[in-house]
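We call the chains A, B, C, D, E and F, going by the order they appear; numbering starts again at 1 in every chain.
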């Protein structure tokens, strides 16, 4: 049940028996020579919708923009400052809590969001812990690709070269979701370099010349994407239900 | 050219000859008994994509969440506080300006955003006027439905009862964009009441029992939506080009 | 009843029977060659005091500084950032609400304030809509010159050339209020140019060389100011009472 | 030279030879049974204008609202939060610095502003000290009543019972400035109590039943006000010139 | 009773009979040629611990970083912006108030903190005064050196040349507390210059070449420090108890 | 070289050849029945000082207060909100960068800080990536206990029951650093429970009755603490040098 495609009365009905909602969150940032700028939010969105279709849980509109300061050296990338993204998360959670939503399951497509969104959760909890809010909301964030099936499949498909950014698996999933936007590009080296840490945008660009980290997305295909989608939906259904039961 | 569906190199190429970008912005809020919660951002998005397809200009990912505090009395609505939305607009504009984007054309689907987004523009300009930024960005916001063709058509289709919220025209356009999510509902009275002003969510709900203002969206149809779409794309192409030439 | 000229006991008495208050708001910004930098707040103030004298309603001290970033290219102009002005409006409203004031009628002298102050109102309402405040305040903002009598008179006096900034009517009203500060200046062209949009201060100055927009304030006189004052007080009394009865 | 009553060209001329400006700042808060709510900003304003008239220096529009949280137990008082007032001071200083103003002399009418405005100055300086601003502004704040002549005269007029809030001297000065708003009230005890410290509004009201601290403003008169005005203008001229020469 | 060296159960026991807590606050800033960068927080800390040891009251961990923008011209100094320090004070007070602490006695080692911390207190009180918090906290801030014994002793030891920054007395106290970090340096002139006001870091450095203001810390010794410590602990015990009884 | 125990000239000398600094960061929060509230910042501090003593690198004063909202159900715990702590980190980094410090190595004692401090780093980098700061600072955060020697030793000492909060190893290290504050307490069950996730303070307290997570700190001893200290200093020296060479 996508909120965006529902009427308010339908959501009212939903809340009579349930109080969970999925919030897809991604980014607007470069994903290497053949990856889409929207890869992260597209992946989070398609998996979230898949979970919603499968088990009927509510899915909020996608938070497309994430924390991507390190990608600003590549054209088309956009970031919310961490402090801004924290306020966005707070406002979305507080708004939906007004209606009775209590458990917020963020399906995430971008590693760069983790610290900021976790800090946003703590900012929300701090209001409760400091005695300034009585509304008992609970939040959890999970990567669409972090479940057991997804991890096994990515290793099966791209043994050792799935990588860390512009991964073969996320490019595949985006190709499956947006078959009209499959891109082709020469990539040298075939497998991109890695590094233990990066800092601001100029530093990132200096380390990762075409934007990829440790990946070989030339291996991607929409067929892989379909399999990764199925695995991710299975994983996320399980994770969502575990959170609801926690 | 949707940024989300492009690679960074494609955007780099685009910026060699152009510096404009469209940012669709909408809301997540009730739209009456047969309107979708996503109506405003869906309408802004479909028109923005249409303009991008027609003339090849860049279209940023949709800002789905807007300023909707007055709708929080209806389940499923979500708001960003004005202060939050202002930071979001600032961050998106500043990010894309890093790459060379200079003109930001916001296609808007929600009246409640106007004050906040205009204030956000002034906050951005204030940094320039106070001598704290040298990057000469310029922003304009326009309703997808405010062009000459769109206004004429809406009047032709719904003479006098298009209304102010959950309008017949926006419901039609959303039906055209999302034909799988067409809803049907009894609405009494047929044409919703109006009021000169409303305040917070409880006040809004007290004045407008089912969420509509002055509209009869039972008149909506996806066929109307197609015609409204064509008119809006024509209007917005013209408006975008006028802004680029300003 | 001006709050500034009252004792706290007098205000306490007032609140036994009434809960409305007028807040004049203006700006500190250039008003062309013969207009005063204080024009906007002086006009809002004199009309607000006139309404207070006429019907005994409370009038808060004037918010002299407004949102004027676009005028910073002209010496002496000062702006509050939109985000600052929003906090000022919030604090004034929340303070007076402590005592029992419930309806805040802002008489405005400056178009540049509209978006920011409207956003401030929504920020205040959002706290209520999000369940974080129980105090039911309501706000409205009106231009001193926007009532029916004022519009007719301005057209009668300056047919077609009242303009959009440094208008003949506001310069006249300020001359009436501050007869010791009437200025004379040559202005070329006689009627200033207009433009559909402006952005930051440098852009504004490039479009409007002496600061005026579309006006011929050489037509101004304190006698006109007196007539405009009477019209505006009549209009604003009516508007205030309509708001109280809403 | 009051900015509010000048044209931008007049201010431009002024800045050819001078770079100082006086900013009057006060409060909107109770001043006991016969003191006006506007006492603090009226006193700061009349003295600032007097200095401007005497030596031709620029005087910005009055910051009427100050930090008055402790007075909110008395009807009609209004406060800016310290964090808000700090932003207001920053914006006013940064705005006027755009034009070339470099020295900001705040004439203050309210003890409660001292900490907040001093913190605001440090916030402004911190940007310079942290290498984020090159504009060398300097600020000083002085009470209108703190000069040598003013102190001697207040002691001469009200030996030992001028007090700390709703003082006889400030009530006198306000009576001189606003002779149409002289109030009369019984006050018991004649000299109000004092206390070494107070906290929030409820605490303040519990300690100071009618709002006064240590004062006997029944001694006030507009004639005293005239003498205090003359002394204060002399004192502040001296203090302003010392600051310009510092 | 230092909170840092206690278990939560010990603090729970404490709060059964008491509700006061001492918060030492200092700075990280230059203290002249033989003074330590940590002087201010070390002095506040050692005195606070002394009071805690003497009478068993709770002592919170030291707020080492203060408002030191004016010292940033000297290597090793660090500042919190005033707005940041205000939030720190707010969070510490609100946190401890959750457990039942009600009276917060700040022992201060740095003049530059006074305005900001006082503004922070008012920000906290403002929430109460505006009806947004019910928790009746009360705060007071005192210099460790401002009690009667301390003032007499400093005058006895350094008649007239204790000074205003990098004072002989604070350097002595730090030497007593940190005997392993006693520094020796030539200082010319022997007694540092003074000035009535300073502004940003560059201005401060221009006025006070080696960082000192009006002091001769070559007179300092750990023996003096011991005597100053004893005096300060006596003074602060008295001041703390007076605050608890207020 | 502790900044707090150095003069500004000593720091100036240091910066002639080095640009790194260690910032210890911890928390003020319960650590179970026999753990100190200061455990986290004491551990970070003692290890940081050990590294500074060993290799002469600069060590800034400890950030004692961290992000501890989830511990507010236990008396004596205090938190900075994530948004506050982010500003603290920003201000400390920006201040020290003024002098030429470029690499900031945070030795952390508290898991709850990770998200917030990482977000703070990104907020700092975002200013660079958005073109608003030219100062190339780089930050890294490491747990004192996360190095290879430390992990091996903890496993050797407390095989499988070191736990996640109020760990045997951190209690031991604090006992070594503060031998005068060793506490003894009965703990039931001997090994505390664990849970995959917790939320706000009430939830945390409900899951972990005496504050511990998965640990048996009755095994702690100052002798263990000494061994853990040596291992941690070795580990952190290595990690600091690796960061400087990165």
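What we mean here is this: a residue touches a chain if its C-beta (ideal position, glycine included) is under 8 Å from a C-beta of that chain, and two chains touch if they have at least 3 such contacts.
Being a predicted model, the structure only gives us computed values, none of them experimental.
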*Set of chains whose contacts include both chain F and chain B*: A, D
*Compare the CA centroid of chain C with every other chain's and tell me the farthest one.*
F
*Repeat of interface B-C, chosen from B-F, A-F or D-F - more than half of residue-number contact pairs shared*: A-F
*chain C and chain D: spacing of chain centres that average the CA atoms, whole Å*: 24
_chain D and chain E: spacing of chain centres that average the CA atoms, whole Å_ = 30
*Centre distance in Å when chain B and chain D are each reduced to the mean of their C-alpha atoms*: 47
*Send over the residues of chain C in touch with two or more other chains.*
72, 79, 81, 83, 95, 98, 129-130
*Considering only which chains touch which, label the overall pattern as line, ring, star, complete or other.*
other
*Mind giving me all the chain pairs that touch?*
A-B, A-C, A-E, A-F, B-C, B-D, B-F, C-D, C-E, D-E, D-F, E-F
*Enumerate the contact residues on chain A facing chain C in the complex.*
94-95, 98, 135
*asked:* Looking at the complex, which residues from chain A come into contact with chain E?
replied: 129-131
*Which of the residues in chain B end up touching chain C in this complex?*
67, 69-70, 72-73, 79, 81-83, 86, 112, 114-116, 118-120, 122-123, 125-126, 128-130, 136, 138-140, 196-197, 199-203, 246
_Using the touch definition from the top, list the residues of chain F that touch chain E in their complex._
2-12, 15, 28, 30-38, 41-42, 60-65, 72, 74-81, 83-84, 87-88, 90-92, 95-96, 98-100, 178, 180-181, 183, 185, 211
